[in-house]
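Some structures to go through are shown next.
In what comes next, chain A is part of two complexes: it sits with chain B in the first one and with chain C in the second one.
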Partner chain A sequence: MDAATKLYQSRANVLGYTSTLGTALPFLVLLLVGIGFPLFGGGYWGVIATRACVYWVLVSGLNLVVGFAGQIAIGWVALLTLGAYTTSVFAAGNATPAFPPYLALTIAAAVGAISGLVIGLPALRLRTFYFAITTLGFATIVTQVALAWQSVTGGGVGVPGPIFPEPFSSQWGFYYFCFGLAAICTWMTANVAASRFGRALTAIRDAEVAAEANGISKPAILVPIFLFSGAVASVAGGLFASLQSYITPDAFTLDLSILFFIAILIGGRGSILGPLLGTILLTVLPELAAPLVAWSTFLYAALLLVIVLAIPGGIAEILDFKNRRPLASGRAIIPRPDLIKELFNQPRNAGSLTLERLAMSFGGVKAIDDLDLEILPGQVHGLIGPNGSGKTTILNVISGYYAQQRGTVRLNGTELAALGRYQRAQMRIARTFQTPRIVGSASVLENVMIGGTIDGQGTFVESLLSLPRHRRDEHILRGTAMLSLTVVGLDRLAPVRADRLQHSELRFIEIARALMLRPAFLLLDEPAAGLTVEEIERLGALLLAIAQAGIGVLVVEHHPDLIFDICHHVTVLNLGKLLAAGTPAQIRSHREVVNAYLGG
Partner chain B sequence: MVQSIVSTGVAIGCIYALIGITYNVMFSASRVFSFTAGTLGMLGGVLGSLFIAYMGIPVPIGFLLVLTAGAVFGIITEIVAVRPVLKSLDQHLYVLSTLALALLVQQFTAIKWGTEARPFPRLFDIARGGFDQQFWLPMLACVAVIVGLELLYRYSLVGRAFLAISEDNYAARALGLPERSLRMASFALAGVIGTLAGFTGGEMLLAFFGNAPILTFYGFVPVALGGMGNNRGAVVAGLSLGLFQQAANFLVGGIFASVAVFTVFIVVLLVRPEGLAGAPLQRRV
Partner chain C sequence: MPTLAVESLLQTSALSAGYGKIRVLHGVDLAVGAGEIVALLGPNGAGKTTLLRALSGLLPWSGSVRFAGLDLTGAGPRAVVKAGLAHVIEGHRVFTQLAVLDNLLLAAYDLPRRERAERVDEVLELFPELAAKRHERAASLSGGQQQILAVAQGLVRRPQLLMLDEPSAGLSPVLVDRVLVVVRRLREAGTAVLLVEQLIEKALAVADRVYALARGSIVLEARTGEADLPLRLEHAYLATAKDSPRSE
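What follows is the complex of A and B.
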């Protein structure tokens, strides 16, 4: 690692450090209040506080599913029920010899993890509403089974909850037990949120196509999340049973599920603090006045409606003071093409990317018709042609979104699998999109870091527990992202929420994200659309510098000036067919091209 | 015994199919699945019982009042929970806004009407037994809705405008169709169909606030299996669901019948996420 990269890492760390201090403060306050709570509150408020902790243990895990991954899991009470019964039944010894309560709770965590996966799996294949309905179905089914399986669950009569031995048997003892678990869950989910896994989840939520292009596979990332979320929900169930001291199926109404779900949305998606405050708020709210108890779910529903319609960002958005400071107006994007060689300090020995006799049609329309194309490393290849001539379709075939009907795409002579969009990042083929696909609620730096997801070494568990490999991954990713942002000229906007930026800035963020892969080939879909003349010039210089570092660059564009300025080779398409190919000078004087496309 | 399974199964299946059509009518007009479909079914039963059994309003007037209330609730759904989030359809906020509205109504009913199931009045003063009105009423309603919708879509200008909107919203607007009024009309129509399902099935399902989530779930099964927006698919799938559920009820008992229905639903969806009738893939890039 040379001196300059170190410099960017330390700059990124300063940014990271100051924001860590700011974000950690509210949690520290809550921690102190939680530890000191028995000093002010007593009796009934102790029960409420314990309940809030138990709920948060569940909601913290569900938050990763709903708030981060954006999966509408309404029926998570199913896992609470399952955990409550598993713990109680094993601790009471209804079906087996009686187990010690801690062991019963551990078994419940394992059962919950597997069930979380079973309930969550349909999310990998089903659309949003379908998945919401299946979780609703699970919630109904689990309660009905609890009611019917009398020999084990006691049916409608119920079963006593577990009692945890000293020192956790007293009211405050049990409170500290639950509070401790809640604190650990907060810490673990915050670790995940700040890891490449957390960023990948938000990418799946807000920009799924971009996530795929960066090698993030939805199943691979959602499986550990469902396992974790199921396990903590089930543990919460065990605690809930102990708090209730006796459980019947009536205790697990859909209202509880709604509370968990709404706590997250009121808190704000993609936040840990927001849903934590949301959980406390919804637990305490009905206790403030007696009539509110009956109306609590009505109240939650009303809150949900208001939040969705008026403040989709929830409490987290209200508390996000940092992003309310106005941004400098008239800011310019000044890329630093000279820094590219720091990003590509190891030479890539890539061969060429070739398309052979490629054909693809949509219905009767031939989008690509028997096309050959070769993209060489170290060159900028321009792809131009009128609308509907098949330019973006070619990009989509290369990056694995469309399957061609005939022909092959080869990298270095190896055939690329059709539709293998997750594998393109591994092969170091990066791309940008016609409309920038960005996670609006994440910071600019985080958005760029998404591009480096596949280069992380640590596993999900290492991130959960913030082990050294996770910290090293984050350190390196942050440094590279900062360097990448400096290259495209946006380093000063690193901590800003991405949805506050201008359109042209989003285009450069996409390039920075693509550079995180240290690609062998970079495919750009109309990178100059919506840019000013100066910005287009700077973009051209940047792309040339990228090519000089040994990367093959394919540019689909409508701006002839940009194409003729920077391309080494230009291909002109018309109706999916090759119209002309050659150097910019040859194309500029090609009679058919001038007639069909450029105009005289 | 077989006769009882068949008549109950077909009648319940007709209610599920009608709720499925309620989902579809709203979906066709707005590309939105609304959680209020089951709520409408629940309201049909509760309001019917309230108007006729408790307030003593004559059956025909009570019936019309229930359907009017359904239409009004449909329009409120469109204004409050659908229109504001249509701009950002890809964020799926409608799932949350319609869920919130459905919960509001359901909880309000639970508090004001009570959480106990109350009886629904007999609509026609004829002796019980044989092929009873509680069975043939939902069937009649289902047939009437299907025939009515076919006639509407085939032979009336408004119906064709509905079809145009559901086929291609942008093109329809470009042609000058009043998209917003048509959407509100669709939601009103869905409201009528949903409450009709609950009203005619009232004697079987009773006037019970808890019917809302049950109908939301079982009414969605025909949509998911029959293909979204496909009314014929919804009827076939709804009837199969009703018969399967009743048969399973008889063979393995009520609770495991629900488990069986749920398992079949999940398995079919995982194998064919677009439903048995199929639907084209969307363009994403």
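What follows is the complex of A and C.
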């Protein structure tokens, strides 16, 4: 590692460090309040506090599914039910010899993990409300089984909850047990949120197509999340059963499931602190409304409505002071093409990317018709043509979004499988999009770090527990992302929420994110659209420098000046067919190109 | 204030707007005459899009805006459209799940049925590539064709003033020229156009007058015929990008 890379890493660490301190503070306050709670809370409030901790153990895991990955899992009470019965039944010895409660709780965690996966799996195929309905279905099934399987669950009569031995048998003892688990869950989910896994989840939520282009496989990332979320939800179930001391199927209402979901909703998406405060709020709110007896449910609902209306962005948004500071207006994007070499310090030997006799049609309309194309490393290849001539379609075939009907795409001689979206990143083929696809609620730096997801070494468990390999991954990713941002000229905006930036800046963020892959080939879809003349010039210089570092660059563009200034080779398409190919000088004077495309 | 427009269709004075506490526009005075094409130029981040959004009632603003004899204070997007001001937003945002034809019908949803059909036919005549795909879902159009559809949606209502936000983005050079031909034809039919554009030369070729916006204020107003305009525009741009001398 040379001196310059080190410099960027240390700069990135300064940014990371100050923000860590700021975000950790509220958690420390909550930790102290939680530890000291028995000093000022009476017996009744002790039960409420314990319940809040139990709920949070479940919600913390569910938060990764709902708040981060954006999967609408409404029926998560199914896992609470399952965990409660598994722990109680094993501890009571209804079907087996009686197990110690800790072992019963561990078994519940394992059962919960597998069930979490089963309940979550439909998310890989079903979207939004369809997935939500399947989770509700599971919630109903679990309750019905608990009712019907009388010999084990006691049916409608129920089963006693487990009693944890000394020192956790007293009220405050049990409180500290639950509080400890809640604290551990907070720590673990915060670790995940700040890892490449957490960023990948938000990418799937807000920009699924871009996530896949960056090598993020939805199944591979969602499976560990469902396992974890199911396990902690079941543990919460075991604790819930112990807190209730006796459980029947009536205890697990859909209201409870909706409470968990709303806690995340009013907490804010993509936050840990928000849903944590949301859970505390929703646990306490019914107690505040309780004195009104008959009207308590009404008051609870009214308060909830007020909260949702008053803070549409969730609690997390209110607490986001950093992003309320105005940004400098009249910011200029000043790329540093000279720093590209530091990003590509290892020589690449990529060969070329070729399309052979490619054909593809949509419902009888030929989008690409028998096209040959060769993109060489170290060159900028321009792809131009009238609107609808098939330029973006070609990009989509190369990056695996469309399967061609005929022909092959080869990288260095090997044929690329059709529809291998997230595998293209592994082959170091990176791309940008016609409309920038970014995670608006994440910082600019985090958005760029998404591009390096596949280069992390640590596993999900290592990130969960913040083990050394996870921390090293983060350190390296942050350093590379900072360098990438400096290359495109946006380093000063690293800590800013990405949705506060203007359109031209988003285009450069996408390039920085693509550079994180250290690609062999970079495909750009209209990178200059919406840029000023000056910005286009800088973009041109940047793309040339990228090509000079040995990368094959394919640019789909409409600005003739940019194409003719920087391209080594230009291909012109018309109606999916090759109209002309050659050097910029040849194309500029090609009569048919002038007629069909450039205009007189 | 004195302005070069003969008779103002749109007149803003001391218009300020922004997002929450963050002010973007600081007292903009701008006028568009009836049947006039006015180009609004400026670097990215200058506030061009914010200005259009404020005018069409999508953002709260302070100051005064008069349009076609009406005071637009407190007018929401619906009232603004009804008054005859149409806004084509940037980034080819059309209804991708609807057919091309339905997109156009939707853009004129409150016109009488017969008139609506006529207007849609007129617009389809202007853009044969849309006519050929009128029954296909907008999602099947390429990005550039979606942009054309967005422009066409703005035309359907035959507004008194059409505001176009970077209509050229994503269009091939020939298609950009065609859109500009349509813009010119609109003027002949009496429609005024406020054009935000990054292709400065093409914008100047079609416009009657030009404003340059920088850091939320108008820094230049001129007729496009004036000889020293390119130089003055360059100064207007440069004055705002003092911190960018490193470009090559």
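To be clear about the criterion, the second predicted complex is superposed on the first by the 578 of 600 C-alpha atoms of A that agree within 3 Å, B and C clash if a C-alpha of one lies under 4 Å from a C-alpha of the other, contacts with A are read in each partner's own complex, and residues count from 1 in each chain.
Just so we're on the same page, a residue touches a chain if its C-beta (ideal position, glycine included) is under 8 Å from a C-beta of that chain, and two chains touch if they have at least 3 such contacts.
What you see is a predicted model; the values in this text were computed from it and never measured.
Asks: Have a look at where A:A417 lands relative to chain B and chain C in the superposition and call it first, second, both or neither.
Replies: Neither chain B nor chain C is touched by A:A417.
Asks: After lining up the shared chain so the two structures overlap, which partner does A:A148 touch, if you call chain B first and chain C second: first, second, both or neither?
Replies: A:A148 sits against chain B, while chain C stays out of touch.
Asks: Regarding the shared-chain residue A:V209, is it in contact with chain B (first), chain C (second), both, or neither?
Replies: It touches chain B, and chain C stays clear.
Asks: After lining up the shared chain so the two structures overlap, which partner does A:H558 touch, if you call chain B first and chain C second: first, second, both or neither?
Replies: second
Asks: What is the contact status of A:I72 with respect to chain B (first) and chain C (second): first, second, both, or neither?
Replies: Touch partner of A:I72: chain B, not chain C.
Asks: With the two complexes superposed on chain A, say which partner A:I258 touches: chain B (first), chain C (second), both, or neither.
Replies: It touches chain B, and chain C stays clear.
Asks: Could you look at A:T532 and tell me whether it touches chain B, chain C, both or neither (first, second, both, neither)?
Replies: second
Asks: Just to be sure I read the superposition right, which of the two partners does A:L305 touch: chain B = first, chain C = second, or both, or neither?
Replies: first
Asks: For A:Y130, using the defined touch cut-off, is the partner it touches chain B, chain C, both, or neither? Pick first, second, both or neither.
Replies: first
Asks: Which parts of chain A are touched by chain B and by chain C alike?
Replies: 392
Asks: Mind pulling up the chain B residues that touch chain A in the complex?
Replies: Residues 33, 80-81, 84-85, 91-93, 95-97, 99-101, 103-104, 107-108, 111, 213-214, 216-217, 220, 224, 253, 255-256, 258-259, 262, 265-266, 269-270, 273, 284-285 of chain B touch chain A in their complex.
Asks: Write out the stretch or stretches of chain C touching chain A in their complex.
Replies: 20-24, 43-47, 90-92, 129, 140-145, 147-148, 166, 169-177, 198, 200, 214-216, 237, 240-241, 243-244, 246-248
Asks: Note which residues of chain A are touching chain C in the complex, please.
Replies: 324, 326-327, 329-332, 334, 362, 384-389, 391-392, 434-435, 502-505, 526, 529-535, 537-538, 541, 558, 560, 596-599
Asks: Hey, which residues of chain A end up touching chain B in the complex?
Replies: 70, 72, 74, 121-122, 125-130, 132-134, 136-138, 140-141, 144-145, 147-148, 208-209, 254, 258, 265, 294-295, 297-298, 300-302, 304-305, 308-309, 312, 392, 396, 401-402, 433
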